[in-house]
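Read from first to last, the chains carry the letters A, B, C, D, E and F; within each, the first residue is number 1.
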């Protein structure tokens, strides 16, 4: 007879190798190219920013759960992802204490208050970002030119800002060191522009996104619809669709933030509508709103709708339409 | 254009509940279920429009010419309270179907501060009659919207291990805080 | 039955009557004070702009810019002769309409600009109304302060001849636009004044 | 005397309208961006509540049950109008920053609730004490919330700078999301407090029982 | 000044008079008709909304009783006193006994052996369904406290022995625990009953099998059956059952039971 | 041939390579069998024998009246030693007839052979019942009931998918006895009057096709029987998935395969049918796979029903590394039942026994649902496990029913893919029980 008591549990008795922690680490891996590029553009400051948000996010989650005598959850690495994502969406010059405050807000208020991993209705990193944007608008809207170092006075508008201010084309091109339309797009694609720490290189962000797709961490639906509908509605509202995709954080948001499991709809139909609507809100805010960039709010606004989109389930196997009471009555007759 | 502007501002940018902190009691109380919040929302919309239609003429055609504007508060609240009563009585007797759907919300509406606030603001903003009606529709739809959104978040909260110390009303306000934060995106949508 | 309803009505009426009568008293007692309060801020600002003026006569002016509305205009007079004109103008800014009081002297220069109302973001656009937020730290000039002494004929282009509030280009432009509109209208008024004389 | 003190105490803690009964929330959030607003609102509320409770308690015998609600409304509305005009006249700044919330006192659930549940059934002195207790209870919570919001969001308290100059105000707290968040924390603090008190009371009762045995 | 006051008075008096009149009038026209009986019955119910009556909450039951669709004694939580009160209101006879719930298992953590290392969801029903239970005894208490979770009267708690403990002072006999327990371990027993009861539900007739699984359970020695002077104990489906009509609470069976799983009801309640 | 499939599913590691080449071996004669009396899905039956009585192999030892009953037969000759309650493969206890093997005069007590294509339909159905045949691939549903459908049947499907990892008996049976298998299908088609027969097997078993084609030609009696390839994907062998993959039709919720004109039969069941007619042999033994990481010498075996697994181990037919043993599972790893020991008898529907090593059996604590949606995509019934889980956790039975908890076939795919290791299936099993109880109560109240 067996040496130790046998395990008794429900079927199935096999489990897939994909675990929560592995998924989160895959996201970190996919973010690495963009992160490294950010550090390359903005120097050690970028590194400190990442360190500050990650440390604050992880520490606050650990302490919060310790204080509440809840099982520690730092091991699942989701706080790591939130911290890293927050850093990558901040202006590189954000003071470290501010960034850390945003991370605490993200983890404690947006995530742990609602019950921790998976229970949060709003994207924690974006709540952190929106909180900072509301609290410290000046610091959160001052951008820096790559390689210039973070000097107080040397702020420079991002391409989106310039467009929002109606700057002439030449100035727009000059801001990324391009001469003509083609090289302007190319520079934007490569990432030689001012902007948030991790969003500038579309190339590297895309590479990370494709990795997530290949690993099966995310599905194509959300990124595809977000990008497609941002381009479409930008065009309908009279903006340059290609510029709309290459500027700001749309690609970054579409692959890494709109796809956040906890806050996006579970079902495929839901995901399609979710992505389309995010694109619409982004285009509207960019065109009409007070901010040059709409990704944060596009996603946060749709986070609120996501519980409703969960209802758009597939028809279950063998679905039989419920008999209407009237029909049932007649049948009874 | 200006009517649209009034509408969008009242609906999204200066949402009654989220940005102006009005009608909170029923907002917190009536959102445990999506259907319930929609019912309450439409009931409020209906009464608000009626209240606007009644108070605007009373103020501009009676109180103002008689120099009785200081009776505004008293008269408005009385008019709204009676209106709600009348609507309730009327529905019960003549449209029982609608009453069954909406009736339970009516008593709660008398003390809904958003309705009274709308009637005051119609006056203080100097709106014309049409503008007042549009404004009242927008405000109450804004209320409906906020209710439905919170009801949605509550679907998630219901199945989540919310820490004990924020369970109940606190987490609803935290959720409201985050909804309001997301609504921050609409700021400046219309300039 | 009817009698009973009448009784209810009478009791309610009694309470209402007493209450309303009381209200009337309070209303009358506070009316003047309230009216006085309303014009206070404007009066103070007007006095601030034209310290020597003895009276401010209302004047009606047309705004040259459809986005900017003139709420009122006052001719500052001393001893019957005009010192200049002050225009209360409103226009859309970042967080809603802003209201400025723009004073123009007979020398066709801005006497000064006062922010009466501004709903922009505190710490950003709202710095336009803050007396301690400087666009030029060295010279300690505030955003509205920089306009004092500028000729109304200037181009008023933000970031060239007008210094913007940090990270608030929208506010800066919106306010400047109001100033420019007021300046324009004041210019034509001055011409009419000169022509009329 | 003890009885009156007990009534008073109820409003301040045990039946605190904002924290325990959770009614009249709107004004509590809207005007708590600064301590001075909170005090102003607290005073206005207390005034209306005090006067209305006195009136209704005094006349409770002559108010017929079937028209009591309209009469309450008339009385409350009258006092609300009075405080509105008085503030407009003598505290114009305060009045402006509280906007529509002064007239809205008339629908504030707290007042209607107290009038209906308490004043209509009790004697005048009790009603006075009740309204003062409730008013104070309302005010201290408002001031508490406002202090936190003003301190974090503006670095000031009642208008005077108290934070060091290097402190960067966190504007979030002056805006509506911040208001909701601070209020949420206040309630949760209070629920915790309530639990503690209930436990203490139970322990006391238990001890008493054991003593008796 | 005076004119304003006069106009005010005129206006307000007119308005108030009309309103007061109208209100009284309306109330008369649209009188709400609702069976006052419902409220009366509702007031007599305990208001725990436990569902023990089989209706959606106390309100639902009150309505059913008032419309004579339900008997007055369905509220198990309220017990006989409530049943009487309700019966008085609707004017019919009530017959209800106050019940309490008794756990028929003494398989504590140490006594009842574990079958293996159960690692599924921690509910009794889950363990039963997926692993046939966590204990070597197929009939015993699983100890995850499904019953504790459904008790609306705070009468159940999970004891440190791994068995639920009934607080007989609080138990209302609503039967929620009885319905919930997947092992059907609770017996609803009239409060007034005296006599003996076996606190084991193991129906395996093989002595060796019982001994191997639980050190506290009934080993089918039938000592109780043999020793009872009144001959009121019989083995039914593998466990001894007392005939309360005959039982005198002499305690012989309790004395002779080798595993001490036969008890007198009084001592269970103590 | 294009492999067909259904929507959803997952790819657990197959692990079939260790036994797929091993021929089915007969276990050496056992000393004792413990035959559970109730091995079928349906009403209980009663023992026909007494302790001490001598019984012959194939002799009926338990039966009862009733449509949903199936008789039981002695699987060895010998003496009835005990009739008592014993732990069973479903983790419950139940009555068993214990037979001490020994020489009994007369030898096997089989039925006379019967020509399934010549006899009447009633005779054929009676034979299926008399032979004690129940479904050998699933719940043990009485086969004679399944073969008397109340609706016209268009196609009989031989379920040769064997989608459960580890198990290889069906594959071996098709390799070793293709003729008996194909004839069983033909018999079934004859009994239900179906014009067509399909053999559905997963791509990983494509190598058996030539053998099957040959058998169809030889023993298919010219009937329309085709072999269809299916994608290798769990749970391809679930009958609902099999039907939609092969016919494109979905069995309506709450309905049966016959509602879409199908009858589905497991490979083992079909072979047992052929034996029952051709040899008159009742269902007294079955083939199964014994394998797993803690099983150092896995086998495909043929054993009498009621053989204790511990006796098979003791006989040395398979070898177990006790110190590594973490979990013993009756059935496959996805739907099987974990048992606390292995002194447990084989039943008619025991298709395998797994001795999983501690490493294979590694258990993960439930984490919070991260809403990754993997379960939604994997669910073979297109349900929404994540939402169901939420509803059941918060006790919302109405919502759970609306989402379709009663339609869950408990295939376990969702639990397998869940990165948070949530015990989805177990919760659904509990939920189904609760929802059914609630519906019953409501129906009672309504009356």
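Operating definition for what follows: a contact is a pair of C-beta atoms (placed from the backbone, for glycine too) under 8 Å apart; a residue touches a chain by one contact, two chains touch by 3 or more.
What you see is a predicted model, and the numbers here were worked out from it, not measured in a lab.
Colleague: Comparing chain centres built from Cα atoms against the global Cα centre, which chain wins on proximity?
Modeller: Centre-most chain by C-alpha means: A.
Colleague: Could you work out which chain's C-alpha centre is the most distant one from the centre of chain F?
Modeller: Between chain F and the rest, the longest centre separation is with C.
Colleague: Provide the C-alpha centroid distance between chain D and chain F, rounded to the nearest whole angstrom.
Modeller: 70
Colleague: How many angstrom lie between the CA centroids of chain B and chain E, rounded to a whole number?
Modeller: Result: the chain centres lie 45 Å from each other.
Colleague: Go ahead and note the Å separation of the Cα centroids belonging to chain A and chain E.
Modeller: The separation of the two C-alpha centroids amounts to 51 Å.
Colleague: Any chance you could list the residues of chain A touching two or more other chains?
Modeller: Each of 4-11, 109, 115-116, 119, 131, 134, 136-137, 290, 310 in chain A touches at least two other chains.
Colleague: So which stretches of chain C touch two or more other chains?
Modeller: In chain C, the residues touching two or more other chains are 8, 11-12, 15-16, 19-20, 23-24, 26-27, 94-95, 121, 123, 170.
Colleague: Two or more other chains in contact with one residue: find those residues in chain E.
Modeller: 4, 8, 11-12, 15-16, 19-20, 23-24, 115-116, 119-121, 126, 129-131
Colleague: Within their complex, state which residues of chain C touch chain A.
Modeller: Those in contact with chain A are residues 94-95, 121, 123-124, 166-167, 169-170.
Colleague: So in the complex, the part of chain C that touches chain E is made up of which residues?
Modeller: 1, 4-6, 8-13, 15-17, 19-21, 23-25, 27-28
Colleague: Considering only the defined contacts, which chain A positions touch chain E in the complex?
Modeller: Its residues touching chain E are 4-11.
Colleague: So in the complex, which bits of chain E are touching chain B?
Modeller: Spelled out, the residues of chain E in touch with chain B are 4, 7-8, 11-12, 15, 19, 22-23, 26, 29-30.
Colleague: So in the complex, which bits of chain C are touching chain D?
Modeller: Of all residues in chain C, those touching chain D are 7-8, 11-12, 15-16, 19-20, 22-23, 26-27, 30, 33-34, 37, 40, 121-123.
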